[in-house]
Amino acid sequence: MNPVNYLYLASLLFAIGATGVLIRRNAIVVFMCIELMLNACNLALVAFSRMHGNLDGQIIAFFTMVVAAAEVVVGLAIIVSLFRSRHSASVDDASLMKL
Amino acid sequence: MSFPLLTATAVVPAVGAIATAAVPAAKRTAAKWLALFFSLATLALAAVVAVRFNTGSGADRYQLTESHSWIADFGVRYELGVDGIGVALIGLTALLIPFIIVAGWHDADPQETGNTRWRPTQGFFALILMVEAMVILSFEATDVFLFYILFEAMLIPMYFLIGGFGDRAHSGSDQNAAAQRSYAAVKFLLYNLVGGLIMLAAVIGLYVVAGTFSLTEIAEMRASGELNMATNTERLLFLGFFFAFAVKAPLWPLHTWLPNAMGEATAPVAVLITAVVDKVGTFAMLRFCLGLFPGASEWATPVILVLALVSIVYGALLAVGQRDIKRLVAYASISHFGFIIMGIFAMTTQGQSGATLYMVNHGISTAALMLVAGFLISRRGSRLIADYGGVQKAAPILAGTFLIGSLATLSLPGLAPFVSEFLVLVGTFARYPVIGIIATFGIVLGALYSLVLYQRTMTGPVKVETAKMPDLKLRELLVVGPLIVLLVFLGVYPKPLTDVVDPAVGHTLSDVYGDENPDPEPEVAAK
Amino acid sequence: MSALASQAVTDLAAYTTSTGEAVQFWVLGTVAVIGALCTILMKKAVHSALCLAGTMIILAVFYLANGAYFLGIVQVVVYTGAIMMLFLFVVMLVGVTAADSLKETIKGQRWLALLCGLGFAVLLVGGIGNAAITEFNGLGTANAGGNVEGLAALIFTKYVFAFEITGALLITAAVGAMVLTHRERTERAKTQRELAEQRVREGKHLPPLPAPGVYARHNAVDIAGLLPDGTPSELTVMKTLRDRGQIRDVSTEALRDLAALEQRSEERLGRGQEAAK
Amino acid sequence: MENLIALLVAAPLLGAVILLCGGRRLDRTGHWLGTLLALGSFVVAALLFTDMLGRDGEDRAMHQHLFSWIPVGGFQADIAFQLDQLSMTFVLLITGVGSLIHIYSIGYMEHDERRRRFFGYLNLFLAAMLILVIADNYLLLYVGWEGVGLASYLLIGFWQHKPSAATAAKKAFLVNRVGDMGLSIAIMLMFTTFGTFAFGDVLAATGETSEGKLTAIGLMLLLAACGKSAQVPLQSWLGDAMEGPTPVSALIHAATMVTAGVYLITRSGAIFNAAPDAQLAVVIVGAVTLLFGAIVGCAKDDIKKALAGSTMSQIGYMVLAAGLGPIGYAFAIMHLVTHGFFKAGLFLGAGSVMHGMNDEVDMRKYGGLRKYMPVTFVTFGLGYLAIIGFPGLSGFWSKDKIIEAAFAYGDGVRPWIFGGVALLGAGITAFYMTRVMLMTFFGEKRWQPTPDPHKEPSAEPAADDAHAGEMPHPHESPKSMTIPMIVLAFGSVFAGGLFSLNESFVHWLEPVTAFEHPHPVISVPAITASTMVVLAIGVAIAWFMYGKRPVPVTAPRGSVLTRAARRDLLQDDFNHVVLVRGGEHLTRSLVYVDHTLVDGVVNGTAASFGGLSGRMRKLQNGFARSYAVSMLGGTAVLVAATLLMRAV
């Protein structure tokens, strides 16, 4: 087997995550999908580092995790406060951008 | 480095505009006098330019030239220079502005008193001076980009003059008046902006092709044959330029903004539009369309001549059909602009000299007629022809000046417009007899609308409202008198003007025809 | 564990991987994809979260298989351990809302989304296949001194600034989260008396709300009590359930019972008349 | 001496400027100034005339070049004058008759508060007319041409408070403009053909170009002449022009301006001689107008309108003669001069009658006036005899010659047709003039109380309500009015004979307009005799109709022809229906088109842009997810693009 398959898998997961972001209305689930996309990227990075035979890819993946953690923290906090104010976690309810 | 005379002619009014605008609200009259002073100073400078301008046979085409680098990256230069045509039009502009200012002396007085922060008067006169500065500079610019900037920039003050200071004599409620006014202003702006946009594209295209914006350089390149412009490219660029100028001029069917603008604006502003600003369009046709794209100009001539012909007849017929004095004058102007454009593109010495003279004479005659009409309207408070009648009885001097204005509009021999109109007709007839003959119908229609206007307003039984109408005051007489004198003088002795204009026309035609004689030879060799 | 790892290291530098890994990939890969799909298709957020957690664990395994031991562990600890739990907490906090339903509200959104997703996937796969990466050199040399040491060396030399900055980022995030969620009480808490007076002033429902199911011979909290005319009263069910729309309506059967009761009494009365004769 | 030429024009021009700009302070003296300057101009003319007589025939022409007017390339127009015998004749006529009518107006306009202005206009007219006749090129002639048009516009509409007057003035100017169009086109043609439009050069070069060109030029000149001289089809303005004060009718619309067309044709003789077709057109126009005017003149009851018809017809004679070529030019001019005398005299007489009759113009309300205003009667009578061509009086000499020349025109039927027309015209002239004479001065009184001027405005304004409703008491007019009439009467009696004395007039003009003796198809005495007969018949008919029977105060219905003639042979109705109504509809529809179509297109584009942006706006629905979709789509597109780039 060729480790390229890992990349295929990664892109598949990524696409699935993206689709999820688009079709789900629950902010939390949307967030999960984002996490899924991030993980897909990590997988790809790890696979790359294996292909190139150096650890830089893993380092980047590592940083990605950190950033993801930070993002989740802030994001979920936002969701919570949003829910407090509007009693709903639907991303569609926050449609104030409408002209 | 000699004294930058041309720059001065534009800087003085610009400074005047700023100074006028800075006058505090209470000192309204001071602002008026200040504006008048600066406009007169500009007139003096224009006179100096005219004197310094050398009409000798050996004189070079552009004189009093100035040249400084401006936007080096695009080779945009601040290049000025005047030829005879420019001198004539600068003279016209500098001459008319003082009259416009005096005529509009009270037009911008604030209606509601007490509001001390509100300073319409200052703004009004400052804007007029600003327009003057831009127009004069655009007559002097020999750099296409510089010209374009001015061509567009002068729309802004005009917009505010039209939209901000409407004619108080208006049938209908104030809101209605305001709505129509802003409609007219926006229409004016949009029409000219669209034209300008297309011109901008053409300007850039020209830079791509020629690699410079300088008229003189392009002329040299053309002479030395370095400039290789594909025929289609040249035609497209020509159309781009011509469209903008045709909107400004205005040429049928791009004319509909003019009646609204002139109808809604105060009479002095209407004069500013038709007698000064629109001339930039026709002037640019001569200097840029013919100078830059001679081949394309020749190619487009037939269509343009037909359009001009339509303008002449169409404008005159619509003038006959108008109920509103100022709209009538506007449509008459459209007809006259048809004559000017026809003269330009007839491509004969008589035609183009006539067209240039026409620009000047039309400026003066329209100013005379329109300003008197403005005085009339301000007395009765209505623009509808039907509201007048028998004014001649009550205000003979007003009627007399109005009659002379009308006669100038119908180009009566002995008054200036006749000379130019006949030259245009002869010039056109020499090359395109049919068009010339059809255009001659214009003189009948001209007589029709002028006399109908005079008859319906001035003659007939005296109406109650007009019975007590006061005659022209001294201020108004000071505006109209000199204009009429000028009309007569230029009608009897136009030689000074033709002497200035002819060499420039010669140069312009040599752009198109090279050294050969542009005029068709008469059948019988003259003795 | 470490033995297995060293085993893996030896056969890493190759042009193809071991059949064991292949099998592992195909089996777990399928599961991962299914998990991902479940994540976006499950109706309840909780289920989505669990599916996601599963997928992540599988990814952790893949990391290990790819010689990224450190990341594999971190994945399990940080993601599955910390982040997903955080998710679950928030899900509990927010509770089930109408947003959960998969019914699409924006016209054409779903089809567009699917189209884009699919197209994107196809493009990526195509792109990768197009890149045609055949040979690869494994991490044998890089991981020679141990994976963690290798990473540490890089982090503290080459990527030290990025590392510090991520640290700063984390702190900021933590502070931010606190700021966002923390609510300072600005005014004194109202006493019960004050609250009661306010209720009276506003003309609200004064006595305590009726217990659920009281009049309806039911004793479940999610069943609305019936008013004397047999219609259910929303008031009797607690607010959270109401918000979630989790009210079981039994009014119909209650009314049926009532009808039956009246019929029976009819019969009795009828008998009574006969007796009178 | 030649430098005096400019003075001819300068004097009246100065007068016009002073009087029109002078303001009220000149009201008391203005008319004297105007008259003085007119006389001054006449004196100058006389001086020049004597000087001219001093020389011999060929080099009598004088020139004065003032300055270069419009020098543009090959187009060289100068302000330069040329005074040859032809011009001299006109100058004398214009200044002479002009001065007389100035004097007459002093008395006539006495009660008008705008008399100063009136004299200013009169002077303006003199100046323009003089420019017209002494210009040395066609363009300067054009200036005078339009100048007299302007003056006549101002004078016809002098009583502007009357809508009828204002309309008539406008009509006159417009119809003239149509003619002017012809003149300007002719000038353009000359410029393109000869490269110049100075009389000398053009007329000398006629040999060098094609006959077609010359015919075109000739026809254009004819159009101009028709406009100015009220020839068919542009004659309609002359009748209405009688709205103007009577002196104006006498000077402009009888003696001088209307004859400008004849001057133009005679002046351009060389062109016409080389273009027979154009000549034929001229002759036809002349003949038609001759009859047209005469017929109209027979039917009108308004004395001035009747005279106007007669003017039209007499000018028809002149144009006819001018069309005949060298055999006719001299007689055309001769008839022009004599006509200038007697027609002016007749108009002044009519004015004097109206003056006495409270401005009544309807001849049916005159009658038996000879006792009451003898001077007027006598002068008018002499004018009458002259115009009908009573043997020995001016009209006889000039008109008879024209008839002869007409009989000598071309070959085949032409001489018979045109000679016959001319002859017939003489008869009709005799009829309508006798009619006027009888209805005015003979028969019993048919005076009526003056109508209230405000109800039906009469031609005269002195319609001060004092007269309203009272019976007129006719009286002789003041000296200032009678003297000019007497002078003109002398002219109308003797001028013709004087001119014909061993053909002095013909020889005088010969250097300018070449002359050939006409050779009529029938002998001259026969022609004269038949003229006399026709004349007698005309007078007799008139006598039977208006002399013996009493004249009804209200006009009888009359025959179809009469009714048509009363309405200018329906020509005005045609104009009204076709030109006026049609024009109004055209302009109205055009205004509509301009508003909806031309403007609509633009507004339409604007609206469509608005709608488009409105639809775009819908995309901004504010849902983060739909924005996200577009983001992902965009990314997909980008990836695709990069891949394609790589693939290519």
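When the chains are written out, they are named A, B, C and D in that same order, and each has its own residue count from 1.
By our rule, a contact is a pair of C-beta atoms (placed from the backbone, for glycine too) under 8 Å apart; a residue touches a chain by one contact, two chains touch by 3 or more.
What you see is a predicted model; the values in this text were computed from it and never measured.
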Common touching chains of chain B and chain A: D
Identifier of the chain whose CA centre is least distant from the whole-structure CA centre: B
Distance from chain D to chain B - Cα centre to Cα centre, in angstrom: 37
Computed distance of Cα centres, chain C from chain B, in Å: 75
Centre distance in Å when chain A and chain C are each reduced to the mean of their C-alpha atoms: 15
Distance between the centres, which are taken as Cα means, of chain D and chain C, whole angstrom: 105
Chain D, residues touching no fewer than two other chains: 621, 623, 625, 629, 632
Residues of chain C whose C-beta touches two or more other chains: 106, 109, 112-113, 116-117, 120, 124
Contacts with two or more other chains, residues of chain B listed in rising order: none
Touching pairs - complete list by chain label: A-C, A-D, B-D, C-D
Contact footprint of chain A on chain D as seen in their complex: 617, 620-625, 627-629, 632
Chain D contact footprint on chain C (complex, rising order): 106, 109, 112-113, 116-117, 119-120, 123-124, 126-127, 130
Complex contacts: residues of chain C adjacent to chain A: 12-13, 16-17, 19, 21-22, 25, 29, 32-33, 36-37, 39-40, 45, 48-49, 52, 55-56, 59, 62-63, 66-68, 70-71, 74-75, 78-79, 82-83, 86-87, 90-91, 93-94, 97-102, 104-106, 109-110, 112-114, 116-118, 120-121, 124-125, 128, 133-134, 136-143, 147, 150-151, 154-155, 158-159, 162-163, 166, 169-170, 172-174, 176-178, 180-181, 183, 243
In the complex, chain D residues that touch chain B: 20, 67-75, 79, 139, 142-143, 145-147, 150, 153, 157, 160-163, 165-167, 169-170, 173-174, 177-178, 180-181, 184-185, 187-189, 191-196, 201, 205, 208-209, 213, 583, 586-588, 590-591, 594, 598-599, 602, 606
Of chain B, residues touching chain D in the complex: 190-191, 252-253, 255-256, 314, 317-318, 320-322, 348-350, 353-354, 390, 392-393, 400, 407, 412-414, 418-419, 422-423, 425-426, 429-430, 433, 436-437, 440-441, 443-444, 447-448, 451-452, 455, 458-462, 492-495, 498, 502, 519-527
